[in-house]
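Same chain, two partners: chain A is paired with chain B first, then with chain C.
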Partner chain A sequence: MVILGRYLLALSVLIFFVFPIYWLFAISFKTPEEIFHFPPVWYPQKIQFANYWVLFKDGDATSVWNSFILAGSSTIIAMILGTICAYSLVRFKTGGENFAVWIISQRLMPPIAIIFPIFLLYVFFGWVDSYGGLILLYTAFNLPYVIWMMRGYIEDIPIELEESALVDGCSRWAVLWKVVFPMARAGLFATAVFTFVFAWNEFIFALVLSRTEVTTYTVQVTHYFGGQSNFWAKIAAMSVLGTVPVFITVATLQRFLVRGISMGAVKG
Partner chain B sequence: MSDVKISGLHKHFGAVHVLKGIDLEIPTGEFTVLVGPSGCGKSTLLRTIAGLEEVEQGEITISGQRMNDVRPRDRNIAMVFQNYALYPYLNVFENIAFGLRARKMPESEIKERVTSAAEMLGITGLLERFPRQLSGGQRQRVAIGRAIVRKAQLFLFDEPLSNLDAQLRDEMRGEIKKLHQTIDVTMIYVTHDQIEAMTLADRIVLMREGRIEQVGAPLDLYERPATHFVAGFLGSPKINFVHGEVLISGSEQVLRLVDGETISLPAIASTWPKNIILGIRPQYLGLASESRSPDDVRFSRIIDLIQPTGSRTYITVKLGGRDLVAEIESTSRGNVGDVLDLSFNRLNALFFDPATGRAL
Partner chain C sequence: MAQSFASVSSAVRRSPQMPDHNFRYWIIAPSVFLLLLIGLFPLIYAFVVSFQQITMTDYDTSFAGLVNYQALFSDQRLWESILHTIVITVIALPVELILGLALAYLFLEKMYGKQIFISLIVLPTVISPIVSGATWRLLFDQRYGPINQVLSWIAGREVVMLWTIEPILVYPAILICEIWQWTPFMFLILLAALSNVDKSLTEAAELDGAGFWRIFLKIELPAIWPVMAIAILIRGVDLFRIFDMVWALTGGGPGTYTETISIYTYVQGFRQFETSYTAAIAFLIVALMSFVVTWAIRRMGLAK
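Presenting the complex of A and B:
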């Protein structure tokens, strides 16, 4: 009886959290009549892709591609730079013991506080509405997080592995590539996923610093909220398009996130 | 093959003066063991030779070439670490080949060298495995294999056996000694274990608090320690130390121990300080025999403790207020509380100045 109660509790919590996601997917496949029907239609009578089709026909779907380019590029750049910085902080104590804390403190600042000066700066340099501008900004915002996270992962790498590689014929760069990256692989992917998701979901900077060329999907969704009416079908379809790539990315990378990968390196 | 010369080497870690002026020459092809208690600077010295620590002051040369500012990878050395330092994401073959690949060696030669090293170490069957699938002894063999394939001019070992259990340690110790005889390169080996030092070394460098206490062949250090510290560090069970006072009565010098026992001393004792330390190794302290030599020192004591080890038995008695261990044949019988007649030949005794610690 107690067990049954627990299952019921778990089930209700599950429904509570999953239902909005289900509803989003459901709407994206519904006809306009079904969307506004009362009492609600709990599931679409027939799977139809008209809502998606219209996004691709109007070219709105490219905003997902834009998001992908921006989040992907900034993640790759931030991961490479951040890992190198973190390595330097850990092994050479660059900037002293507390420099890392100062770096992460940069992440505490609310973006909205600096958005206006950045906008003016970007207008001055002509970077508004360009891939480069947003990639630069996302990279800058993600770097402290990457440095902080990678610092922890690199600290866990037994230093003998690096010293052994140095004696065996590696330069510092080769050590980074052949020892640090493989050893911190789980950490690299975990950090990359979070970095990617941050850039993917970013809204404020994308809204202020983009016009028509590099609209991201988060900004695109807001275009469907009209003064007269909201285009729920498009909002839902666009949101699904924006959710699925992240979901697939994380699901793919998940196998790299396994723990215990460093077992057997040194006596432990 | 190469020789190593170190002169005037100093090293600080923050405020701690770790190496306080090391001067050392290691001849070509020799197996040198750096030994000393924890924190004596032996590992730091080894790491400085490897180039993993910077030289602050002084000079290191290998084969006559100044190495102070040469990067570790350009010193042509191979190093085996205490923790094996195997790459968990590479299999045994790739672990051994790592240094060769870093030096861009042709694939055919890599294969040949790894295979022959694996044969030498008896790990041919393990080449496809990953480090996590190996036992401690196998891991250490792989780590040694990684050093062998490099065909380096100098081998450095940083306490390579201290993570192994006692039995495996004895086995690997023998293998390392054999390895030195087979490949005949200069080897420098760091350990805190005096047995390892005694059994492996051509020459022992005994270190203490950042300085070299004594350098020499193992038996030289054992038989003729330069200081009280060296005498106490080498040998198991530990040497017995007894404090006493030199008394001169007429032509004879005697050592009076704290509990009143007297021991006659050689003639040179007249130049010694008033208070000295007598050191006698347990192996030289035995049951008093019937035949008596003029250099024998005899005394009777009550047995406090008996520790049989199989081949020998260690008996503890009190002399001069201190525990004194005698090593005797296991065949002799006795019980705790029995009175035992013990003797040692005073020519086997060592004498030290308590003020300086130096041998007299």
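Presenting the complex of A and C:
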């Protein structure tokens, strides 16, 4: 009886957390008649892709591509710069604990506080609405996370390997490329995926610094909020386009999920 | 460890173009440069501008002293937005923590299909807050949304609740969305922490006749506290800077009723173009956050 109760409780919890996602997906497949039907239709009569087709026809779907370019490029740059920085922190104790605290405090700063001066800076340099400008910003914004996470993963690598590589005559850079990066590849991969998701889901920087050229999918979703909310189908379809890649990437690294979102507090 | 490494490295032939003792600084240089450019420079710039009187129409860079900071004190909308943010934070954070903990206990023991349950429950946490706000906006719709429909079934008559319009309902709406999205975050972290608690300790306590609460308070809570503290810190900071989800769900409305500090700053800077005044607000936020965050990081031993 107790066991049955536990399963029922677990099931109702599951419904609470999954139903809203189901509803979003369901709307994206519904016809306008089904969406604006009272009482609500609980599932689409047949799966049809008209709502997605419109996004591709009007070119709105390029915002997903923009998100991909921005998140992808900034992740690669942040991973390279952040990992070598983390290596210095771990192996040479560069800057000591104060430096580490400063780095992580950068991560905790509210974006709204820095976005306004950054906007003025970008206007001055003419970087508003450019790929480069947003990639630079996303890179800098995610660096603290990369440094913090890679610090933990590099600490897990036995130092003896690097020492023997140095004795064998490897340069410092060769040690990084031939020993540290391969040894930390699982951590590198997990951190890269999270960094990518953070940049992919980011909204406020993209809202402020994009106009028409580099609109991301999160900004595009908000464009459909009209006075009467008539664009439900587009909101749902665009949201699904932006959400499916995240679900897929996160599903690939269940093992690192806890360590990734707890900023390394739980090592599993 | 560092000493032994240094002694080995000094025995190694140094490459001529890259002096060994500078290597550690070469590899942090790009990161530090970027963080200074994006993190520190804007703050210094905002600090300077906050003493001037730049608006959209008037590019007046003469220094006006503390005018903008004085205006902060009499700006009712600013303090209301801070109050809104605090209200959301102090309700959502404990609820997420307690619900997350309860869920962690629900899924702690062996269970058929446990991994599938967990994988599905954590999905809301990885969704963009913009998408979750938009999703709940569709769910909360008074006519075509399923929530009022379910409430109508329960009540046995037609229920029309204007979730995102009625002042008394918008905070519950925001909190439900917020709790829906981030309880799984707490749940996942606390489940992992609880799974790592030494089973022999809890079993021994059980044999000695200690009840659930006694075991929780004396053994499990102290064991999971370091992890819990970090989860609270991460969520607390995120809640204080909340923008996306509220923006998508209510847009700060009705009126300015759900305007958070981030939304208010955005409106001042990018809708009203009060350049210098926005810089003063930004600086106030940074000062507040630096103080709280530095204190919390040191207090919770996160820097170790």
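The rule we apply is simple: the second predicted complex is superposed on the first by the 244 of 268 C-alpha atoms of A that agree within 3 Å, B and C clash if a C-alpha of one lies under 4 Å from a C-alpha of the other, contacts with A are read in each partner's own complex, and residues count from 1 in each chain.
The rule is simple: a residue touches a chain if its C-beta (ideal position, glycine included) is under 8 Å from a C-beta of that chain, and two chains touch if they have at least 3 such contacts.
All values reported here derive from a predicted model rather than from experimental measurement.
When the shared chain is aligned, no partner comes close enough to touch A:V54: not chain B, not chain C.
Considering which of chain B and chain C touches more of chain A, the answer is C.
Within the superposed three-chain model, A:P182 lies in touch with chain B and out of touch with chain C [touch as defined at top]. Once chain A of one complex is fitted onto chain A of the other, the partner contacts of A:L108 are limited to chain C, with no touch recorded for chain B. In the superposition on chain A, contact is made by A:E163 with both chain B and chain C.
When both complexes are overlaid on chain A, the residue A:S171 reaches chain B and chain C alike.
Residues 163, 166-167, 169, 171, 261-263, 265-266 of chain A touch chain B in one complex and chain C in the other.
Against chain B, in their complex, chain A makes its touches with residues 158, 160-161, 163-171, 174, 178-179, 182-183, 185, 261-267.
Chain C makes touch with chain A in their complex at residues 1-2, 4-5, 8-9, 11-13, 15, 18, 20, 23-25, 27-28, 30-32, 34-35, 37-39, 41-43, 45-46, 49, 103, 106-107, 111-112, 117, 119-132, 134-139, 141, 143-146, 149, 180, 183-185, 188-189, 192-193, 196, 226-227, 230-231, 233-234, 237, 240-241, 243-244, 247-248, 251, 261-262, 265-266, 269-270, 275, 278-279, 282-283, 285-286, 289-290, 293-294, 297-298, 302-304. Those residues of chain A that touch chain C in the complex are listed here as 6-7, 9-10, 13-14, 16-18, 20-21, 23-24, 27, 35-40, 42, 81-82, 84-85, 87-89, 91-95, 97, 100-101, 103-106, 108-114, 116-121, 136-137, 139-141, 143-144, 147, 159, 162-163, 166-167, 169, 171-173, 176, 197, 200-204, 208, 218, 221-222, 225, 229, 232, 235-236, 239, 242-243, 246-247, 250-251, 254, 257-258, 261-263, 265-266, 268. Against chain A, in their complex, chain B makes its touches with residues 47, 50-52, 71-73, 75, 77-79, 81-89, 98-99, 102-103, 130-134, 136, 139, 146, 150, 156, 163.
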